[in-house]
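Below are structures written as C-alpha cells.
Each of the two complexes below includes chain A, the first together with chain B, the second together with chain C.
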Partner chain A sequence: MADQEQPTKNEGGETGGEQSDNHLNIKVNYEGNEVFFKIKKTTPLKKLMEIFCKRQGVNQDQMRFVFDGNRLTGTETAEQLDMDDQDTIDVLVQQTGGF
Partner chain B sequence: MTKPSWLDQRYERTFFDSQTLFYDDVIRLRGKEWLNDSIINYYLLYLENVKYEQQKDDLLFLSPSVTFWIMQVKEKEDVADAINPLNPTQKDLIFIPINDNSDETGEVSGGSHWSLVVYNRKEDTFNYYDSSGDYNYGSAVKTVAKIAHFLNPKYDYGTMSIKINKISCSQQQNGYDCGVYLLSFCDVLGNAEHVKNVSPRDINCLREDILKKIQQGVGAT
Partner chain C sequence: MRGSYFDINNFFNAFSDFGDKSHLYPKHWINRRFNDDDSYDFDSDLSSYSDSDEDMIEQVPVTPRRRIILKKRSTTPKIESKPNVRKEVAATVAVPIPKEPTIQNPTKQPEEYDPFVEWTDDNNNDQVSQNTIVQINGVGVSRSSLSTLLGHTWLDDGVINAYLSLLYSDCESKNLKCYMFAPCSTNFYEMLKSPKHSYDYEEYNYNRVMRWTKKVSIMKMDKVLVPICINGNHWVLAVINLRERKFEFYDSMIWDDTHTHIGNNILNKLSRYLDEEVLHRENVTLNSNRWRRFLYGPSEIPQQDNGHDCGVFLCMFAKHVCQDKNMNFKQEDMPEIRHKLLSCILNKNCNF
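Showing the complex of A and B:
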C-alpha cells in the first residue's frame, strides 16, 4: 500500500511509459515548486496530502489543497474528481492562530 | 474533542454567499483547537450581516483574507483595489483582524496568533486589542501602515509611525483561544461594551454558540 504514493523525481515530460490504468501522475504545486506524485486512482487523496506535508515539513492543519477551484477534504479519490494524468493540485496556506 | 453528531468528514456548506466551511474548519470549534481564517471570517460575516445588520452603514469587518492579501502585495494600487470596494471611508468603526503570519521575509507560514485593531473615525484613533499581551503589535503596526491611508487619506501610505493605542483587555489563560477572543472583542465593541469584561466562560460559550449557528445554518446560502 504505502509504496503507491511515493513522490517521484520527475522533471516533466516522460513519466515512464509503463503507467498502468490504475495510476496517475499528479503535480502538487506549492509556492511555485512542483512535486510529482504517482497515485492510485482509487486511494483517497488524504494519503497524498499527508505525505506531501510530511516531506515539506509543514503542518497539515495549516494547508489547503485545491483542485479545479475546489477545496479537497481528503476523502475524495482521483477517480471521483475525474483527474487526468499530469493534473495539478494547488496547496495554499491558511491562516491560523491560538497562542 | 468530541465530534457533534451532525458534523461528518464530508461536511461542506457555504455561508453569506462567500465563505465555505469544511469539516476541518468547523471541528476547530470543539475543544482546544486554534481557529483559522475561515471560521473567523464566518463569524465576522455573521456580525456584519445578522447581529449588527442595522449598523451596516457604520461598521466594517475586514475579512482575514483581505488583510492577508494586503500584506502580500507590494504596490499601493493593489492595496487600493483590495480595500476601496469596501467603502472604508464611509464607515465609522473598522475592525481589522491581525495575524502574525505576514512577514515580509517571503517565508509564508500560517501564523500563530490573532489579535485586533479597530479604527474609530469619530475619535480618529487606532486601538489595539490583544488577548496575549502585545504579541502581535509589530504585525499590527505593519498592517496599519498599509491600510490607514485608505481609511482616512490624512495618513500617508506606508508610514510606520501612526499611533496605535494598546487597550487593556481580557487576557487568555491558555495557548489556543486567541481567535475566539478576537471574535468576542469584535462582538462587544460592536455593541459599545467593554473588552475587559470578557471572561473565560464567555469564550467557551462563544465557541459553542458559533458551532450552534453553523449547525442551524445561520447565513447559509
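Showing the complex of A and C:
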C-alpha cells in the first residue's frame, strides 16, 4: 500500500543515481505500514517527521519516532545518526496505563 | 394566468362550495374549480403545471421604459475601453462586471495563522520544542506528559521514559550496572513484540531491536529493566537479573491467575531476546530459559488499590530495583510520590 507513496521533494530535478551520495532512502514504519522518504543526509529529520504526521493525519505530539533506541527530537540529521540507505525509523504511538 | 398554487382568499371561499369536506381535496383542485367554474378535467389539471411553468417564463412585454433600459445595457460595454473580442461577451454577461472590485477586497485581509506552515530551513529551530517544558538527556518532556502526574491521571510514556533516563544517568554516576534502554525504555518491548499479539510467544521480532544495544553490552550489566505497557492500559516492570541469573516480574495489580500467564509470556520473550542478543554479540549460547522466575505476589511487593496509580508504582519499583532497597512504599504514599516525581523531572534529579 505504502509503496506508492513517495513523499520526496525533488530539488533541481535530479536523477536517482547521480545524487545517491547526498540522499538516503529511509523507511518509516508505522503500525506495519512502510512509507518511504528520500532525504538529504544533512537535513534535520524534523522535516520528515512533520510531513509524515501531516500525511497520516496524526498529532505529532502523540507520535514517538525511534531509531536504534534513540528518540528523535527533530534536530538530528541522518549523518549524525549514522543512517544507511534503507534504514527504518519506527513510529510508535503514545502509551498510557493506569490499572 | 391561471390561479396560483395556493391563494388564501380562494381557499377560504372554497368552503362555501365544499362544505365541511373541503379539507379532503387537494388545494389546487379547489383553486382550479374556482377559476374554471364547473368543468374539471384531471388530465388538463396535470398539464396545467407545465403550462403554468411556461407562463412564468413568458417574455415581458417591451414597454417604452424597458426599451430605454435595454438600450443602456447594450451601450455601456461600448464605453469601456476593452479589446474588441470581449465586447460581445461583456454585452451578454453585463451583470457580473461591477462585482469585480468587491471580490478583490478580501485579499487585502491580514494574514491568518496557518498551522501547516511549509517547512523551510529558516524556521528550523524556532518551533522545535513549542510544548516542551524540560529536556532530559536530549529528549523533551511535553506539558501534556507532565500534567499526567497530577491528580488521578494515568501516566504516559513521556513521564516514565523521562524518569527512567534520569535513573539511568544516576546509576551511571554511582557505578550501578543497571540498564533500561533509556531514553526509549517503554518502546523496547513494544518493538520486540509484534504489534498485534502482545502475549503470543511466536510473535517476536529480534531484528527490530537488534541495533538498540550498539553502544552498550548487556552482558556487562547486572540488571536490565524493561517497562512494559500491557494492552495499552497497565504498566508493569520486568527485570532481567543477570547477576543472579533470574527473571523478575513486578505487577502492582494482581487479582487472578491471568497475572502469571501474562508474566510468563513476557518473560519467555525476554529470555528469548537475551539468548539471541548474547549469541549475536558474544557468540555464546545462553540457555536463559532455565533461569529462575519470580512473579512477585501481593504479599511480596506493594499493590495499588485504585485504577490509576500503576505508572507511579512502576517508577518506584524501578528505583528500588536499581538501588537494591526494600520496597517500603504503600498506596497511601502515592499522591505525595506523584508530586515528588514531578519535582524530580523538573529538577533533573531522580533521588528523593
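Structural remarks
Just so it is clear, the second predicted complex is superposed on the first by the 76 of 99 C-alpha atoms of A that agree within 3 Å, B and C clash if a C-alpha of one lies under 4 Å from a C-alpha of the other, contacts with A are read in each partner's own complex, and residues count from 1 in each chain.
Everything below uses one rule, namely that a residue touches a chain if its C-beta (ideal position, glycine included) is under 8 Å from a C-beta of that chain, and two chains touch if they have at least 3 such contacts.
Predicted model only: the values in this text are computed from it and were never measured.
More residues of chain A lie in contact with C than with the other chain of the pair chain B and chain C. Of the two partner chains, chain C is the only one that A:Pro44 touches; chain B does not reach it. Looking at the shared chain after the overlay, A:Phe99 reaches both chain B and chain C.
Look at A:Asn33: by the touch rule set out above, it reaches neither chain B nor chain C.
Touch criterion met: A:Asp90 reaches chain C, while chain B stays clear of it. Once the two complexes are laid over each other on the shared chain, residue contacts for A:Asp68 go to chain C alone; chain B is not touched.
Once the two complexes are laid over each other on the shared chain, residue contacts for A:Lys54 go to chain C alone; chain B is not touched. In the three-chain superposition model, chain A touches both chain B and chain C at residues 31, 61, 71, 73, 75, 94-99.
The part of chain C that touches chain A in the complex is made up of residues 116, 119, 124-125, 128-129, 131, 138-140, 142, 144, 148, 153-158, 161, 181, 183-184, 186-188, 190-191, 195, 208-209, 211-214, 229-230, 232-235, 253, 304, 306-311. Taken in their complex, chain B has these residues touching chain A: 9-10, 12, 20, 22-24, 33-38, 64, 68, 99-101, 108-114, 132, 135, 175-179.
Across the complex, chain C is touched by residues 31-32, 44, 46-47, 50-51, 54, 61, 64, 66, 68-71, 73-75, 90, 92, 94-99 of chain A. Across the complex, chain A meets chain B through its residues 31, 59, 61-63, 71, 73, 75, 93-99.
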